[in-house]
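As written, the chains take the letters A, B and C, and residue 1 is the first residue of each chain.
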Amino acid sequence: MEKRELICIGCPLGCPITVTLDGGTVTAVEGNTCKRGDDYARREVTNPTRIVTSTVTVEGGCDRTVSVKTRTDVPKSMIFDCMRALRGVKVKAPVHIGDVIVPDAAGTGVDIVATSEVEQQGAGIV
Amino acid sequence: MYDVIIIGAGVTGSAAARELSRFHAKICVLEKEEDVCCGTSKANSAIVHAGYDAENGSLMAELNVQGNRMMTQLAEELDIPFVRNGSLVVCTAEADRPALEALHERGVKNGVEGLRIVEREELVRMEPHISDQAQAALYAPTGGIICPFRLNIAMAENACENGVEFQFNTCVENVEKTEEGFRLRTDRGIYEARCVVNAAGVYADRFHNMVSGRKIRITPRKGEYYLLDRTAGDYVSRTVFTLPGRYGKGVLVSPTVHGNLIVGPTAHDIGDKEATNTTREGLDELAVKCAAAVKDVPLRQVITSFAGLRAHEDGHEFLIGEPDDAPGFVDCAGIESPGLTASPAIGRMAARIVRDRLGLTEKEDFIAVGHDVLRPDRLSVQERNDLIRRHPEYGTVICRCETVTEGEILDAIRRPLGARSLDGIKRRTRAGMGRCQAGFCSPRAMEILARELGTGMDRITKSGGDSRFIVGTDKDSL
Amino acid sequence: MKAYDIVIVGGGPAGLAAAVAARKSGTDSILILERERELGGILNQCIHSGFGLHTFNEELTGPEYAARFVAEVKRLGIEYRLNTMVVDISRDKVVTSVNREDGMFSVRAGAVILAMGCRERSRGALNIPGYRPAGIYSAGTAQRLVNREGYLPGRRVVILGSGDIGLIMARRMTLEGARVLLVAELQPYSGGLKRNIVQCLDDYGIPLKLSHTVVDIQGKERLTGVTVARVDASGKPIPGTEEQYDCDTLLLSVGLIPENELSRGAGVEISPVTSGPVVNESLETNIEGIFACGNVLHVHDLVDYVSEEASAAGRSAAEYVRGLSADGAGTVIRMNPADGVRYTVPFLIRPERMDEKMTVRFRVGSVCRDCYVSVYFDGERVLHRRRPVVAPGEMEQIVLEKEKILAHPGLEVITVKIEEA
């Protein structure tokens, strides 16, 4: 029997969680105040995952960059692989929220998508 | 071969440059930094002293009083923010009253006008936050406050407009006498001139000692300051000094022409001529000492602290003139307080010495007038709107704390001897000088500067040299 | 002079939520004034995820969260002006702005909603001695450079202050290729959310040193190093504990200050504790018809709470312009923060004006474990809620019910305090 203490990152409450493991199998999760915490705790002790956010260069846009994220969590060990997959990536304006910037980033099976709108330069001046 | 080379583009060198530009002569200013006003001239009390401090009969006293008198016209000619707000030297113990009276007498002998001693009752009416210990004060109505940046920059710009050449990032390494005058070796080649004006601030001893056998020594005397937010700017309305007394020289508390409150300086002699760092001890000392004359100074409103180095000469006197073993080499050395006040008079004196040495004649077409960066907030709404219609950049506010527009920043960059760094923009427009200390406006100002200079963001500096803001791009090392 | 029922100063999360709520409460004539060239405010540079769990029940990035409100503002046809800096708000609610197209222009407002947000504390305010080289940034400035412009402001980084922006930037700069050597925090506790310590520092092995501060800054042109020392209980550096860090960058994440210069100009009373306006239950300031919400009112930890609070301000402003809240000169109950509670928002409550349920937000002055949040109606304790831990970095809240307050006629003071177990 092994016990691991975690702080849940599922939401800003940051609940302290105790996970009990028996030979790699989670036998109990305590301290969480919602389902999200239970999910997080089980994942964190077996296959920890994170959402990765960054930016890529935009050409011909009102902004120099567009913000991006992995559409869903990726394995924690793959964070820097995802970052490297973004290196040198350039997209052309316009860019819309949800546009796929890098499909299947670093072999994670997860797409990297845009999280902001970038209009073409000269367009939409109010 | 130049007629005159001036070493240093601080307030003294710039004053000398402007005064010399009245004459037919080929003049060059060599400055080791990337801009004018980078040494002591940018880090001081920003005070125009009345002139009661210096010893009777000293050059310091004479030039202080002269400089003070010249300031009104100079400020008008060159569009320099200047206010004669008056100064008070506060006596906090009856036992010190003889010293206060002695100061009064010294001031009168120095020719300071309007001096009088005010008693506590009147003093409290004048300055409600004056210390409870304050007994009386010497009141000098001719004391004033000035924008030291604009004073320095305005004189340099005016000199430039009148034909003086300025070379920045040019460090003089050696000066030697030649048949015709002087040869100056710099990190950017050799310069030759018939006369040299040594306005090198804390380094003036180094150049003097290269050409003269009569050695002088200048010790950097560090002065640390607090600058407080505008919300504290009217805490006192005059410049309040403490009478030097049993506890040594005090610090001043004064409004600035831009509506802030300044507290300082400390005075500590140091060895390093570049050590413009503030220290824990110095800042703590200010907090204690400012209470002597003014009570409860709202130090929670501090927005920045800084330190300047006064060029203290062993004899505590301005050394202005040619050493007898180096004719044509005109020292302006030992220019510590009241150097800012005296600068117009020092410049004039140095220029006259050069004129007499070289037999220079006056130009008929000297331009005496200069203009500060155009400030939209000084205009009426109608004028401001006309300006924005013609130049929309004046409608974009870049620095929100000091309300500085893009138009003003462009003006600062495009004018003669224009800004080449963020500090240069700051000294000319006040962008970044407010309560957020450039947090908001620096990326925007960097962008404008990069665009104007036709360079990349990674080349933009805070103050020239290696003071870059950007070291690379995202992911460039992954 | 053009007139609007409601003028909202600031188009960040607070201004947007206030506008949407005011519109939905029936006010048609609304103008948002925004100084940036897009709506959304600081959220546009907060590209990390973790926003919106409370509001949208999903985890969004900052720009995505902002985009939802921006879309709503556009759908509702609410008028806004970009690149427009408000330079003055008068007591009688004339709002003067400047931009490139209109020059200086004034509009008359039936009600004004202050939503200007906050600014970061600077190095000067901290009084850190040393040189003043390039390479010292507030965390938010670095965030803009890295996240909006794609520039790296440094490669070897020390961060002073463990506020959330500092923690977030520790991760961001690490991901973009910089090395973050240390986060130093003056207080014996972190100023940020616990989950940010985990996912921004622990994930990347970045050390956090509590009760430490920067005592010297070196480098005449670009930063070359900082000296960090441990501090005693009063926050004073302990001689002999100095450690040297060779770095080219110092980020400061040492607190946020509501940006109330315009409010002061209008005569709005500012609390010395929050640095924000003193408001009543309607989030109305001492100047009738001027409301405040979001970080200009008090610094929030979560944008979801900003949106919630701003919606309330928007509804109140809409009621005000409809004349529904003409002063009834009823009773005023004073909120009294005590024993560990630094402040409450609102500061005053007029029971007749309050909604059936009203959220009171507050912060504590220090970390307290196994304690109770207690509410007293005058001398009587009416709420005693156990909290495993409360910390200054996290906003607390309680809900007051109108019915219960009205059941206490003559009630003068509502006290909120932290009590030991």
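Definition applied: a residue touches a chain if its C-beta (ideal position, glycine included) is under 8 Å from a C-beta of that chain, and two chains touch if they have at least 3 such contacts.
Keep in mind that this is a model prediction, so the values were computed, not measured.
Colleague: Let me spell it out: compute each chain's centre from its C-alpha atoms, then which one is farthest from subunit A's centre?
Modeller: B
Colleague: Going by C-alpha centres, which chain is most central here?
Modeller: Central by C-alpha mean position: chain C.
Colleague: In whole angstrom, what separates the CA-based centres of subunit A and subunit C?
Modeller: 25
Colleague: Just curious, how far off is subunit C from subunit B if you go by their C-alpha centres, in Å?
Modeller: Whole-Å distance between the two chain centres: 39.
Colleague: Counting in whole Å, what is the centre-to-centre distance of subunit A and subunit B, each centre being its mean C-alpha position?
Modeller: Chain centroid spacing, subunit A to subunit B, equals 53 Å.
Colleague: Counting only residues that touch at least 2 other chains, which ones in subunit A make the list?
Modeller: Residues 54-55, 65, 80, 83.
Colleague: What residues in subunit B touch two or more of the other chains?
Modeller: Within subunit B, residues 474-475, 478 contact more than one other chain.
Colleague: Could you pull out the residues of subunit C that touch at least 2 other chains?
Modeller: Residue numbers touching two or more other chains: 146, 149-150, 176.
Colleague: Where on subunit A is subunit B touching in the complex?
Modeller: 54-55, 65, 80, 83-84, 86-88
Colleague: If we count contacts the way the header does, which residues on subunit C are in touch with subunit B in the complex?
Modeller: Touching subunit B: residues 35, 83, 85, 87, 98-104, 119-120, 122-125, 127, 129-135, 137-138, 140-141, 144-146, 149-155, 176-177, 215-217, 220-222, 237, 248 of subunit C.
Colleague: For subunit B, which residues count as touching subunit C in their complex?
Modeller: Listed in rising order, the residues are 227, 274, 276-280, 282-283, 302-306, 381, 384-385, 388-389, 392-393, 395-397, 400, 403, 405, 435-440, 442-443, 457-458, 461-478.
Colleague: Inside the complex, what are the residues of subunit C that reach subunit A?
Modeller: My answer: residues 37, 44, 47-50, 53-54, 59, 61, 63-64, 67, 80-82, 146-150, 175-176, 193-195, 197-199, 203, 301-302, 388, 394.
Colleague: Going by the contact rule set out above, which residues of subunit A touch subunit C in the complex?
Modeller: Its residues touching subunit C are 6-12, 14, 16, 50-55, 57, 62-65, 67, 69, 76, 79-80, 83, 97, 115-117, 126.
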